[in-house]
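What follows is chain A paired twice: with chain B in the first complex and chain C in the second.
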Partner chain A sequence: MRVLTLIRQVLDAEESVRIKDGAVDLEGRKLVMDTMDEYGLEQALRIREAGVETEVVAVAIGPARCQDVLRNALAMGADRAIHVETDAKLDVIAVSKVMAAIATQEAADLIFSGGQQADWDSHALGAATAERLQWPQVTWTNALEVKDGSLTGKHDVDEGSETFAMPLPAVVTTQQGLNEPRYPTLPNIMKAKKKELRKESLAQFEVVPKTTVVSETVQVKERMKKMLDTKDAAVAASELVKLLRNEARVIG
Partner chain B sequence: MILLVVEYSGGKVSKSTYELVTCARQLGREGPVAALVLGSNIAPVASEIAGAVDQVLVADRAELAQFDSELWAAAVAQIASEGEASTVLIGGSRSGRDYSPRVAVKLDASLLEDIITLQADGEKLIAEHYTYLARVTEKVEVQGVAVITVKPGAFAAAVRGSEVAEQFDVDLDLPPRRLQVTGKTGEKTTRVPLSEADVVVAGGRGVGSAESFTKLVEGLADQIGAAVGATRAIVDAGWRPYAEQVGQTGKTVAPKAYIAIGISGAVQHLSGMNKSKYIIAINKDAEAPIFKIADYGMVGDVNLLVPAILDELRK
Partner chain C sequence: MSTAVAPMVAKRVNGGSFLIEDLTAADVFTLEDLSEEQKQIVKTTADFAEKEILTHVDAIEAKQFDVTKALLQKAGDLGLMSADVPEEFGGLEMDKITSALISDNISVLGSFSVAFSAHTGIGMLPLIWYGTKAQKEKYLAKLATGEWVASYALSESSSGSDAMNIRTQAVLSPDGRHYVLNGEKMWISNAGMANLFTVFAKIDGQKFSAFLIEAGTPGLTVGPEEHKLGIRGSSTCPLSLSDCMVPVENLLGEAGNGHRIAFNILNVGRYKLGAAAVGGARHAFRNGIKYGNDRIAFGKAVTSFGLIQEKIAESATLIYAGEALVYRVVGAIDASLAELDKSAPDISLQVQKRIEEFAVECSIIKVWGSEMLERIVDHVLQIHGGYGYVEEFPAERGYRDARINKIFEGTNEINRLITTGWMIKRALQGKLALLPAIQKVMDEVMAGPSPREEQGGALATQRALLANAKKIGLFCAGAASQKFGQTLEEQQEVMGALADIIIEVLALESTLLRTEKMAGTKPLAIAMAKYYAARSFRIVEKSAELIIGAVAEGDMLRTQMTIFRRLSKHEPENTVALGRQIAGAMIEAGRYAL
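Now for the complex of A and B:
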């Protein structure tokens, strides 16, 4: 079977966000594969390693720099990669159109997508892609098994979790606990350089974004940062309780 | 019309639905505010929401006894297109964010996720939502039909008036259910639910052990009637259930006060609590990032400071 894993390149979580001219500035910053996407790629690799004849294809849509995360994906073990190169700021519904078209071209059976990406905080790409393909989906998946053309596993819902069974083809979005993503080894990093990374142009997909980003701002709530003197625990405790009572007014 | 989808639990309309009503009314777009109730044996839910909206559309069907993203998407898209809805409002719960993208694709509409503000400007809609793990506020604009999930807690809950809206039964063409649910594990807590609590007391690895967590974090929470939160580090370590996890892959909370005990303040944790009104941090490391967003900070050992706070409260 063929598994697509969607990869987004995001600002490393350790990096602070910088704004320039009303937009987040990623120039010269540390960019990495989104961890939620790593879970998806890792799961695809495990399906292959469990003996199911599988080709794992990593897909990214975005600027030229995205090829770095695709090389990473190849180094982790993906068989090949597809990069739809564009500088356009596409909304998630537009991206889903491209993803669904690629899934159809590639005759994919299973798509992994991150539960929530660390850049646009969206949960939507998996479901939107599934809808375009008329496939079922399961979101926030933290356990998954592929057997005889169907999936079983466990995923998080509003209050708690559910075990499920679902036919293929399908879209799965990831959640923590699904697996521990591997690190690429040096030999695999070398091998990845020879793997296929195909470029596609966005034009053929005829996407028209419907959402315009007006501005991005960092609105930091002013915090008091009042540090209490803790030399004497009892005195500090009494001061904190006073603040909780009289300023924050959260205790009687 | 503006169509909103009713969320309910235990036969009662959820607070998030009354927040959707407020969001719909303040928009000032033309047409009635219609509420769609999907489920099985939902008459009490339909009657309750009738006190807050202009129209109630009810699909009471056995197949809808349990949530499914494909069924919900088909139902909502059908009703939205029959009613020529300009705006479809859905709660920003896990399930809401699960099926809303499908509705947007079916309607060829735009999708706005987890918005915190929404305004109409002629044909345009302008909304804000958080990005970059809740560190950035992004303002976006769309034209035409929009499917929108609304962040819980972002709007005040509407109150029911004296007028009661008419209820209509609706016919639906539903697809078969493909995701089969084979088992369910609920969340159990004897305390206030995390997402509704005025005060959250949360603990991290610095608390030391599951036993200390019970003594210090749960002890403090129970003393002040708060909900209990945890970091992923200690959920992964098995000290606490996932239901208590706050952060990117857990719950998002914005209580009046968030008391962080032995928590370093990783970005993924902060994204779940950085909108809290007051943040109180207790950590032995004065350089811990949590202090950068704290209103009150205490540098020191949780094993000394938390018992002292408990003593003070018991006085």
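Now for the complex of A and C:
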């Protein structure tokens, strides 16, 4: 089978967000693979390692710098990568059109997408892609297995969790707890050098994003920056509770 | 000779030549030249450090060696301990830049770094370089995967820097099947968790030799852990050898050849120590900025105050210069090693000879790197104020942990003497054209003031400072050897001050070359290069004054000071403005960022 894993490049969670000319400025900032997408890639690799004959294809849609995360994906173990290179700002509905087209071109059986985007918090990409392909999907997956050409697993819903069975082809979105992604080992980093990283242009997919980002602002939450100036843990704890209740008003 | 993870960038140069030759930016390797694969290796290493080491700090510091061993094994699984291991024995045999990158980026906790480098450096390198095929087959894979931990036992209670004076003895058993070892070893890193020891002893009290001894060998006893100032999570114990029977096949290298093993691995240890110091500094710096940005005093973050920004600016600049220095030198070593035929039967020996060519640069990196780290952990502690002095914040531990770097891998005193002594030796052997260069400077200064050579570019002033620092170094070396002749080596203070000038020449030149390589695209890099040049030249001036004061008096002193003043004449940079610019960028990024 063939598994597509969508890989997005996002600002490292440790980095501070800076706005320049009405948009988030990524210049000189540390960019990484979205952790949610890493779970998907890791799960695809585990399916392959569990003995199902699988080709794992990492896909990124975005500017030239996205090839860094695709190289990470190849070093983690993806068999090849496709990079749809574009500087256009695409909304998730537009991206889903590209994903669906690639899935069709590649005759994919399974698509992994992050459950929630680390930068814009969107959950829609997996669902939109499934909709376009008319494939079934499960979201917030935290356990997954491929057996006899179909999927079984467990995922979270509002009230709790469900176990499920689902035929292929399908779309699966991930969440924390699905697995513990591996580090690319040095030998695999060296091997990845020889793997295919194919560039595609956006034009062939004929996507026109319908939403335009006009400006971006960063929500500034001023921290209280209070230090509990005591060595006595009990005193500190009661002081903390007081602050949380009376000043931060986060507990009742 | 090794697998190039990146195309060779650096020009092939001779060790020590930096004092008399000028390079251009295109001739040196810098971090900006990393290949895609090297960047990924950096990422894997840094992620491992962040997610595995930093999440186990308490256990490591509590000497829970099972935790440290498990982490070493995990590092082994990732290939982080195989960079210097030959492919023939399952290793990755990568270039030295890559192995320096690993040392750099794994260094977020002193205790773990010491365990890691004692294992992969002095622990494994003697076996890699001197082991027989059978010895390597028996031990190397186990060490590279981290299944076994290695330890290196050279020092004794009465021999440290004077390693040749060891008292441990080895005698061949009557049946010729074993060497029987007796003696005591001290300050042995990893001893409490090691499976394999490389132990130095003199056969029949004469032939300085190395032996591979497995833990558990009868007669080998590991003593109690030392109570150390820092790196408390690393293991340091004495060893006792009492009629310890070592199979003859475990003699490492030839009998009487141990000095080669002992000294040649030091060069690698030194440049790796420098790389680790840069990594440690980057990590400490991040802690300092993070704390300083959060800590409010007088209604503002403490990082907004000028005297705190001064510390931030100096720290960031030192990290920038450290990266430039370490990777320039290691890049030059790689360029030299690239010429070797990997399949040559004596390849290990050739590699060591090539690295030994850069002994002076390795000593410089060791001294400069350890003192850079010391300065930064001090700044970081100070930014924390009282909180820096208590154990709740990593600043306190970082401060203690840094101190060992000035002691091991050859004390900084020994390495300063090596730096100047090696230059003199090379000059006398005719391998380094130092004497003509000194003569040229002497002629030039005696001829009186000459019009200043004008160079273009954003760093023209700094280029001129560097050129004059070289001249001051040569002038001082000339004046000191005129005064003391053969006995110069006994004048340790003068030798040390000469070393300081030589060290600064290499550090400043590396910094300027790196900055020029970025071709002015980074205003921050230019600011740091200027800031470093100002700091560097102050050290050169101070050292030169010490030397001139010690070698001349009366009219001669006045003449030499006139020459010195002419060479050191310059207008000061506005380091206050530069410092604020540098600190501002770092504070905004929340870490060291270029």
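The working rule: the second predicted complex is superposed on the first by the 220 of 252 C-alpha atoms of A that agree within 3 Å, B and C clash if a C-alpha of one lies under 4 Å from a C-alpha of the other, contacts with A are read in each partner's own complex, and residues count from 1 in each chain.
Heads up, the rule we're going with is that contacts are C-beta pairs under 8 Å (C-beta built on N, C-alpha and C of every residue); 3 or more make two chains touch, one makes a residue touch a chain.
Here the structure is a predicted model, which means the values were calculated and not measured.
Undergrad: Which of the two partners, first being chain B and second being chain C, lies in contact with A:186: first, second, both, or neither?
TA: Touch status of A:186: second partner only.
Undergrad: Regarding the shared-chain residue A:18, is it in contact with chain B (first), chain C (second), both, or neither?
TA: A:18 contacts chain C only, not chain B.
Undergrad: Considering only the touch criterion stated at the top, classify A:75 as touching first (chain B), second (chain C), both, or neither.
TA: second
Undergrad: By the touch definition at the top of the document, which applies to A:241: first (chain B), second (chain C), both, or neither?
TA: In the superposition, A:241 touches chain B alone.
Undergrad: Which touches a greater number of chain A residues, chain B or chain C?
TA: Of chain B and chain C, B contacts more residues of chain A.
Undergrad: With the two structures laid over each other on chain A, which partner does A:201 touch: chain B (first), chain C (second), both, or neither?
TA: In the superposed model, A:201 contacts neither chain B nor chain C.
Undergrad: Shared contact residues on chain A, chain B side and chain C side combined as an intersection?
TA: Touching chain B and chain C on chain A: residues 14, 223, 225, 227.
Undergrad: Could you please specify the touching residues of chain A with respect to chain C in the complex?
TA: Answer in residue numbers: 14-16, 18, 28, 68, 71-72, 75, 183-187, 189-190, 192-193, 223, 225, 227.
Undergrad: What residues of chain B sit close enough to touch chain A in their complex?
TA: My answer: residues 9, 67, 69-70, 73, 93-95, 97-102, 104-106, 109-114, 126, 129-144, 178-187, 198-199, 224, 232, 236, 242-243, 248-249, 256-257, 266-268, 271, 274-275, 277-280, 291-300, 304-305, 307-309, 311-313.
Undergrad: Would you tell me which residues of chain A are touching chain B in their complex?
TA: Answer in residue numbers: 11, 13-14, 17, 19, 24, 36, 91-93, 96, 115-116, 118-128, 130-132, 136-140, 152, 156-167, 175-177, 210-219, 221, 223-228, 230, 233-234, 236-238, 240-241, 243-244, 247-251.
Undergrad: Touching residues of chain C toward chain A in the complex: what are they?
TA: Listed in rising order, the residues of chain C that touch chain A are 3, 5, 36-37, 39-41, 43-44, 47-48, 77-80, 82-83, 92, 94, 294-296, 588-591, 593-594.
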